[in-house]
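Next up: some structures, all given as structure tokens.
Both complexes below contain subunit A, partnered by subunit B and then by subunit C.
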Partner chain A sequence: MSAALTDQERIEELKKKAKKQSPWAIARRKLFRNKLAVISLVYLIIVVIAAYLAPLISPHSPTLVDIMNRNSPPGDGYLLGTDRSGRDIFTLLLYGARTSLTIGIVCMIGIVLLGTTIGSIAGYYGGWVDAVLMRFTDFMMNFPFLVFVIVLASIFREAGIWALILVFIVLGWTGAARVVRSKMMSEKENEYVMAAISIGGTPFKVIRKHLLPNIMTTIIVQATLLLAVMIVAETALSFLGFGVPSGTPSWGNMMQEARSPTVIRNSWWIWIPPAVAITSTILAINFIGEGIKDAFNPKSAR
Partner chain B sequence: MSSQNALLEIDNLHTGFNIDGDFHHAIKGVSFDVKPKEVVCVVGESGCGKSVMSLSIMQLLPKHNGKIDKGEIRFNGKNLAEYSEKEMNNIRGKDISMIFQEPMTALNPVLTIGFQLDEVLLNHSKDSKESVRKKSIQLLKDVGISRSDQIVHEYPHQLSGGMRQRVMIAMAIACEPQLLIADEPTTALDVTVQAQILELIKKIQDERGTAVMLITHDLGVVAEMADRVVVMYAGQVVEQSDVDRIFHDPQHPYTKALLGSIPKMEEEVDELNTIRGIVPTLTKMPKQGCRFVDRCPAAMPECRQIDPQLGETDKGHTVRCLLYEESRPGEKAEVRS
Partner chain C sequence: MLLYTLRRILIMIPILIMISIVVFSLALAMPGDALSGQIDPANTDPQYVEQMREQLGLNDPVHVQYARWATGVLQWDFGRSFNHRMPVTELIGERLPNTILLSVMSLMITYVLAFFMGRYAGRHPYTPGDYGIQGLNYLMLAIPSFVAAIFAIFIFSFQFGWFPSTGSVGSGLEAGTWDWWVSKIHHTALPALVLGGLTTASYTQFLRNDIIENAQKDYVRTARAKGTPEGTIYNKHILRNSVIPIITLFGFDIASIIGGAVIIETVFTYRGIGELLISSITNRDYSVVTAITLMLSVATLVGNLIADLIYGVVDPRIRVE
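Then we have the complex of A and B:
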């Protein structure tokens, strides 16, 4: 370091150096060395950008119906062909990505917040608080998911995808809560927790400032996997006709077309693109999740 | 001795744990005082209840099965055992603070040193983050860490054991507490560092007038540091006196045995002196008589029947052993130091 640096600059320099040593920085370096995860991440970013910039990228309007060119194969002005009502498949794919990813991301955030809150409280306090919260979790877990979704979806037909998101969150947080609880229970036995209490930390502070940063890795991995699960759930329900209202394009709704045997047999361009999009996105998310898990594992060599 | 001016008075403290549905006392009727600016050493083997006592004072006992059953812990005359969790939070770290045994595990691995040190100050004051950070850096300097403006940005794994213990001490003294509880602060450190850390604690005690309750099993540390010594065995105080009398005129057979176990440089021996046996576990504690009887070289038949009391054999020197008339129940009521 040259003597010309002022104190302020020197401190900034030190801060930067220290940041490189933080557990986050170490994990990030490890993650970027994992080729599969990096490729997946780039792919996912492209999908997300394409999805949210759909109105700018897509060659046609998602509501444009070309009666003259129904069920036409790729080419001839339509990059991936048209579906049975004459809508451009490529445009639908982009708009569908928007719906499917929105559902996945919002559900993931909601579930992580709800699950982490309930899991942290149950795990930290233990005793009767834990017993009550965990019995409630078991109760929610045993709810027949499909029946509940179908009933609610028919009641809140008007609300569109937001009703679906709400149902997913309300029924989906249980797994995350259990994982966070068990992590919390093992983590709170550490002496640093007692040290944090001994300097006058309130339970809320101890959970938020000391325990959550330590189990954040688990939460992040859970979150990535949840994102994949939620996208699959949306697709599956829409495929069955109980998910996203049929007017809204989504990957699941596009797959619904494939329920007809003639489409499966004769019009591959209608169902292959959404199928590939779903599969590749889910795979990418899972690879990223695995990569993050590896990166935070101090025993992994990569 | 009057207990009027004591900083911390522990009075007939009973603390125990629920094990398989039964309540067992880990501490049974412990009483002693810590006066302002005094260093009191609590000594005894592993499993004597030393750590349980410090956790009782801080109210850090495991919630699911640990409990203060009886007795009072008076700090500045107020009974901490009756304090609510919220009231305790205002005391912890501010008026009473604690140094833990393992500096390796007592610091949070994912937070910077500065963050953890700031937190003590932020918990107990409304200062701005900038002024708190300045104070943290000064505190690290006070405990002898030289590159302190750099260390605040580092993580615990980047520091050595001795440095981490210094950080723990800085955290403990941040709010200038009246009482510092140090639970075997040097056990996890190597010998050269041990001496430095003890010197630091001694210096802080001198400069800031903090009272120190030092829990240790190392009699060398006791001789170095203590004003007064409390010898504990199996959850009871067995002897208590000032440091000179403990070393030159030990009365309880247990204290004698502890002192006899120190290896001496000038004597050539084939085998080191030990105390045979171990401290009985909580569930196997004798219900009646002296708790040390099975290991005591001076045991008498009546030791198994009569519970010895803490009696004052000399001014300021109390002992719990039937060898002394003062310890026989009925002849003299239990005396507090």
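Then we have the complex of A and C:
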């Protein structure tokens, strides 16, 4: 009975309530109430699990070439048919997911780290540090992303996948840096930052312990968007023949078969699976990103 | 305004020089002779290559080479294309009109689609029609351009046979005639639809949100209180305010339009700058690659400048810094 509660108990009760109401808890609750985001999250988890368990799930080997069954439609021992050299489409789809997702995730992590570092330094210090870093960022933004990725990837084509990832990171960090910088600038005006500095916190500590946790939501939203952008960039580049080496299965390399009009016209089973896989994955990531943004927005009442 | 314009253009000059240095460094990193395009990439005889390098001055110090190349570029001389056996400028001049036609048509499609969809969704928010448009937007944002292009070819070229799937103009037509133009537009329509359609999403969303936001403002309440018909409020009062920001969007978008054009042109083997870039890289025709890379970077810079200037005309507040 509430009337029987002592003051002490009431305080405990309130404390519990307050604990439950942390921003992260509220956001999680809001996110899980967003049906579209939850469905997308479940779908994405299934895709990721399938991708990384590819050797266990896939019915064939990705390098197995069945000369007797080249370019054969779905069914007949091959769930989604075979491509023009006789490889199983379903197997390629699983292994391709692994390549495309790995590149997307590594690029995203790299870009978030680089962008956050540059953005934090520029936003925290302001003044000439900010001016120099932001002029540099603006300058990097002048280069059309895809054109430079293509040119650089073609120069370093022999260097393999890591060179490709490096190219994506070097050309892709600008947007993230700008977003982090502007958030950092408004956040550092708060009094808790001055308090942290006045008790002797070093800039590194103030940024890492006090400022970054408070702009984490922005960084997370930015990261989901970047993941989608990087997966698209990898597939587009591989589709054009400048991305992942052609022997490695990736969604973009699978789409590369559709460069030929006869494949588009007559062998839909070769290109529709990777096309649907790419689009649905990007859609799911975008919905999750939208959901997270919404969940952390105190104005949205969902 | 004049002062603002001049200042913006002056700021551009050092940026242009820095861009040219970056492109020049890339050209040096490219295999073969990416500056003048006169060494046969297929001939790997070291003596021949060394002799040509000496003759073309590719063994000179870097700054001498840069000065020579930059002087050439300023005089509109980008060297020669080894594969096409003609000056790069001439080659690009042949292809540029196609890319411009494609970009203009796709921009028109973007604006027309975004205008009608954004206006409808903004006036009737949270209705089934609005949700339909939003759903379409999500799909267009998610689908990569080359995937959309392949689906478009499959459906419109092969299933319905409405549009040609490759090329930029029919064969056997004389340039400049009526039939030639009709064929050209017919060939450009599908790639332009894909390129323009995909960029529609962000414009539509922008217009919709702006209309919804504006509808809450005091001047709209005043108009309503005066008894202005709802149609007039939306079409005259709100639309005039909301359309302005999306006019300037394309300038900031120009880098992604260029990237999109490279992919779309390649999928449709549409004979434009983007397709030329990809085929030149494949054929190791690096002098063309250097020239196109520089041109597209400058185009992005100019696009941003134009967007800023239009924005300055539209919104006088940002001119005062």
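FYI, the second predicted complex is superposed on the first by the 269 of 302 C-alpha atoms of A that agree within 3 Å, B and C clash if a C-alpha of one lies under 4 Å from a C-alpha of the other, contacts with A are read in each partner's own complex, and residues count from 1 in each chain.
Keep this in mind: contacts are C-beta pairs under 8 Å (C-beta built on N, C-alpha and C of every residue); 3 or more make two chains touch, one makes a residue touch a chain.
None of these values were measured; they are calculated from a predicted model.
S.K.: Looking at the overlay, what does A:Asn142 touch: subunit B (first), subunit C (second), both, or neither?
M.R.: In the superposition, A:Asn142 touches subunit C alone.
S.K.: Let me test your reading of the model: by the given contact rule, A:Ile199 touches which partner, first (subunit B), second (subunit C), both or neither?
M.R.: Touch status of A:Ile199: first partner only.
S.K.: Could you look at A:Thr102 and tell me whether it touches subunit B, subunit C, both or neither (first, second, both, neither)?
M.R.: neither
S.K.: Just subunit B (first), just subunit C (second), both, or neither: which does A:Trp271 touch?
M.R.: Touch partner of A:Trp271: subunit C, not subunit B.
S.K.: Using the touch definition from the top, say if A:Thr248 reaches subunit B (first), subunit C (second), both or neither.
M.R.: neither
S.K.: Kindly classify A:Ser182 by the partners it touches after superposition: subunit B alone (first), subunit C alone (second), both, or neither?
M.R.: Neither partner.
S.K.: In this superposition, which partner touches a larger number of subunit A residues, subunit B or subunit C?
M.R.: Tallying touched residues of subunit A, the top partner is C.
S.K.: Identify the partner contact of A:Asn190: answer first if only subunit B is touched, second if only subunit C is, both if each is, neither if none is.
M.R.: first
S.K.: Under the stated contact criterion, what part of subunit A meets subunit C in this complex?
M.R.: On the subunit A side, the touching residues are 139, 141-148, 150-152, 154-155, 228, 232, 235-236, 239-242, 255, 258-259, 261, 264-265, 268, 271, 275, 278-280, 282-283, 286-287.
S.K.: Touching residues of subunit B toward subunit A in the complex: what are they?
M.R.: Touch residues, subunit B against subunit A: 58, 60, 63-64, 86, 89-94, 97-98, 100, 102, 105-112, 119-120, 123-124, 149-150, 153-155, 158, 168, 171-172, 174.
S.K.: For the complex, give me every residue of subunit C touching subunit A.
M.R.: Touch list, subunit C to subunit A: 15, 18-19, 22, 26, 29-31, 138-139, 141-147, 150-151, 153-154, 158, 165-166, 255-256, 258-260, 262-263, 266-267, 277-278, 281-282, 289, 292-293, 296-297, 299-301, 304.
S.K.: Would you mind writing out the residues of subunit A in touch with subunit B in their complex?
M.R.: It comes out as residues 11, 14-15, 17-19, 21-23, 126-127, 190-192, 194-202, 205, 209-210, 213-214, 216.
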